[in-house]
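By letter and in written order, the chains are A, B and C; residue numbering begins at 1 in each of them.
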Amino acid sequence: MSAPAAPRAPLLEVHDLAVNFTGSDGVARAVDGVDLTVHEGETVGLVGESGCGKSVTALAILRLIEPPGHIAHGSSVRLEGRDLLALGAKEIRAVRGNHVALVFQEPLSALNPVLAVGDQIAETVRAHEAVSRGTARWRAVEMLAAVGIADAERRAAAYPHQLSGGMRQRVLLAMALACRPKLLLADEPTTALDVTIQAEILELLDGLQRKLGMAVLLITHNLGLVAERTRRVYVMYAGQIVEQTTTDRLFARPAHPYTEGLLAAVPRLDERRDRLLAIPGQVPPASAWPGGCRFHPRCPHAWEKCRTAMPPLLDAGESHRARCWLVDEPERRSEP
Amino acid sequence: MSPWRAAARRFRRNRPAVAGAAVVIALALAAALGPLVTPDPLAQPDPVRLQDQPPSAAHLLGTDPYSRDVLSRTLHGARVSLLVGVGAALLAVTLGAGVGLAAGLGGRRTDELLMRGVDVALALPRIILLLVIFAVWEQAPAGAVVVLIAATGWFQTSRIVRAVVLSLREADFVAAARALGARRPGIVRRHLLPHVAAPVIVSASLDVGNIILLEAGLSYLGLGVRPPTPTWGNMIMDGKDVLFSAPWVALAPGCALVLTVLAFNLAGDGLRDALDPRVAA
Amino acid sequence: MAGERRAAGRAGPERRTALGVLRFAARRLAFAVVSVAAVVVITFLLVHAAPGEPMLGTPERTLVPPETIARQRALFGLGRPLAEQFVRYAGNLARGELGESFVLHRPVADVLRDALPNTLLLGGTALVVSLLLGVAVGALQAARHRSRTDSVLGAAALVLYSVPVFWLGLLLLLVFGERLHWLPMGGMTTPGGDAGLSWPRHALDVARHLVLPAASLALVQAAAVARFQRSALLECLGAEYVRAARAKGLSERAVLLRHALRGALAPTLTLAGLSVPYFLAGSVLVESIFGWPGLGRVTYDAIFARDYNVITAVALVSGILVAVGNLLADVAVAVADPRVRLDR
């Protein structure tokens, strides 16, 4: 969890990213004006419930959005200064899997069922480096060993359905890290796994990250993960960033009612509670975001202004911003 | 909105599917009412002079080698094709659903037994067997044709239904219903059948086209529903002998066949897309 | 099991593939034998369910000399209990004794021997053509999803899929044979032409005669394959692992060929194997239209003449061909999809 001394120019700079999906019931703005940065070697969290647009953000960074979705004009995604959205097809392919890698959520569906896992890793290597088949296969075995799979040479010839869930996830990691990317986008890397395996995978990820000096954007709905592993966090809701700050500060002094709700909803062993606290209501569909502040229908403190005016990200302290009118008008907070 | 209403809406939006359904309905009406106004298909008013006449005002689609009016025969043939097609398809899916339910809900041994039987049955050449049956059984009535076609065509449906039942048996909502005290027949009726209905409907509608072609092939060979009852298949059989001199005799029933099967296929595709929207067409 | 795996593990991946496929094939072969046996039994029962003595021909249709009747009676043990008749029947089959054709006045086995290769040529060509054409069209449609090409090809496939194969044959004969005179109108070779023709010339002649009947059979099935392949490919293209492959930086071509097509290939191969009955039945309809001297035409004539020995022999041969087709398809799928080899 340690970060390098002083952050230089950011590794990844996403500015005003918007992704729209055209459907039978209108245009859904799944991602609506997202700004985020990731520096070399640091671990940043992107937190939100399902449906908030965080996975779409990851796909958009690598320009993997397909019709009926498309990235809106005016978005920019800069990797070490280069705008990925302006690159040609060949150039963006050189980035994918090579400089920036994406780890998918469900290992069983992210792996091709009819190809051996070793081949799938080797294929990544051969796509980016001019090496022979033999060398690529050897690299694949090396990677499998590096992610902690015992008997790597034999396992490389196995098919995905022959491996356990934890091993499949390790394979996904091996595939993503085969070309030593500078940035890893990890979309729910442990959701599909048992708790004990989760811890192992996260330890593994940590170790590899330190060894490779890699930055990680950890996308998850699991606040526990975020607390342990990230240094900075972005909270996402309804296609927008609603709070961003360092992890410590987020947990100690959340500024946005949504974050407060998320934190309050996590049951704690050291607290006695009679009921589980949940945020009332549901995430609205992307084709029909509410007017004004998108969280207002579910917010306990909402007042007239919230219904009509969308708050921008306001300064809530030392490198802490939140998209809520309460930041400027704390007196409007209604007591429970 | 209930899933059925949503499916109906999706179907309505699918223009080719709606066109197909419209044609099917038009055909059914033509088959039912047309023969009431057109001349008797078996009549031979002027056996010599009216042979093989091209389309004219008196006979809109011409006459055949036996001096019979092609248009009215085509309309009568529609009856056979539609009745056999829809009848056999419905019977087949009913049989298949029944066996599939029995296999899915029954014990391990019932399931094993039934499915082994289905596996063997699926490996048999259906059309060849039907050829043999109807070659042997000369005077088969139309009902027998429907039953036999259905009896040889329900296997795939049973597999599909069994798969659905098996996957749902252990589903949480079924366990919940049982925990709340619901009894088996109720569970089957209210929870399982709606899920089974969709693939069964799709199966049936896509089958109709194939069955119509199958029956046409059989009657083209002089099997199944036999002359003088007009079927599109045996009309083409008559027409092939005068193909070059009087092409309309074979063309009319052929076009009718293509149109009908096309309509059923369009509607069937539309139903499948409407009921299973995951399948991106 | 563990020992097996360790031993297999020391072998390279290719050897393991071959072993797995062989084991799978052996299981399916046993099943194929069972289905052929089922065809034999069912055909026997069906024919004996007919009134009269079908093995002896129907007197109203064909005049059968009394010696032939006596021979057939002895051969099939007619008049004896059913079970005994079946044993004789099965014994005859094992010896290759199929009875006599009343229409052609020859042993059925000889008739089959002459006619079967021609049908295999026609059916085999049509099957291969339909596969190649169907897969290509389906893949093109999937690659150009939702474009004009997709819609046009899709509409064409749907119309073709709705056409009765015998009518298509007649139509092709009418247009290309009679009206346009582009292609020969019947037979397998030009009459009188094969006297002293060199082999390549002969092959070319046969090929010219093959075009129309093969096209009739192939076009309808190609439409079915195209429809199927398109949806299978689209499903694969939408799969998460295809997106993952793109995320790895693979070129679109590599994604399509190595990932999507391989996944879509397996079910298409199954479809091909299952289409054998269709080609057999189709040949019955099409061969007579084009005068192609194959098993189909023999069957067609036999049906009209109620020549039961031929009919049952054809049913048997069909059963075998269908079982072989299914077996080959299953094996092909096992090669393409490793998940299939391991279950059961």
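We adopt the following convention: contacts are C-beta pairs under 8 Å (C-beta built on N, C-alpha and C of every residue); 3 or more make two chains touch, one makes a residue touch a chain.
Keep in mind it's a predicted model, so treat the numbers as computed, not measured.
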{"item": "Overall pattern in which the protein chains touch one another (line/ring/star/complete/other)", "value": "line"}
{"item": "Chain whose Cα centroid lies at the greatest distance from that of chain B", "value": "A"}
{"item": "Approximate Å spacing (C-alpha centroids) for the pair chain B, chain C", "value": "23"}
{"item": "Distance from the mean Cα position of chain B to that of chain A, given in whole angstrom", "value": "52"}
{"item": "Residue numbers of chain A (touch at least two other chains)", "value": "none"}
{"item": "Contacts with 2+ other chains: residues of chain C", "value": "none"}
{"item": "Touching two or more other chains - residue numbers and ranges from chain B", "value": "none"}
{"item": "For the chain A and chain C complex, residues of the former touching the latter", "value": "59, 62, 64, 89, 93-98, 101-102, 104, 106, 109-116, 123-124, 127-128, 154, 157, 159, 161-162, 175"}
{"item": "Chain B to chain C touching residues, read off their complex", "value": "119-120, 123-129, 131-133, 135-137, 209, 213, 216-217, 220-223, 233, 236, 239-240, 243-244, 247, 250, 254, 257-258, 261-262, 265-266, 269, 279-281"}
{"item": "Complex interface listing, chain C residues touching chain B", "value": "31-32, 34-35, 38-39, 42-43, 46-47, 49-50, 54, 158-159, 161-167, 170-171, 173-174, 178, 231, 234-235, 238, 276-278, 280-281, 284-285, 289, 299-300, 303-304, 306, 308, 311-312, 314-315, 318-319, 322-323, 326"}
{"item": "Residues on chain C engaged by chain A in the complex (per definition of touch)", "value": "9, 13, 16, 239-241, 243-252, 254, 258-259, 262-263, 266, 336-339, 342"}
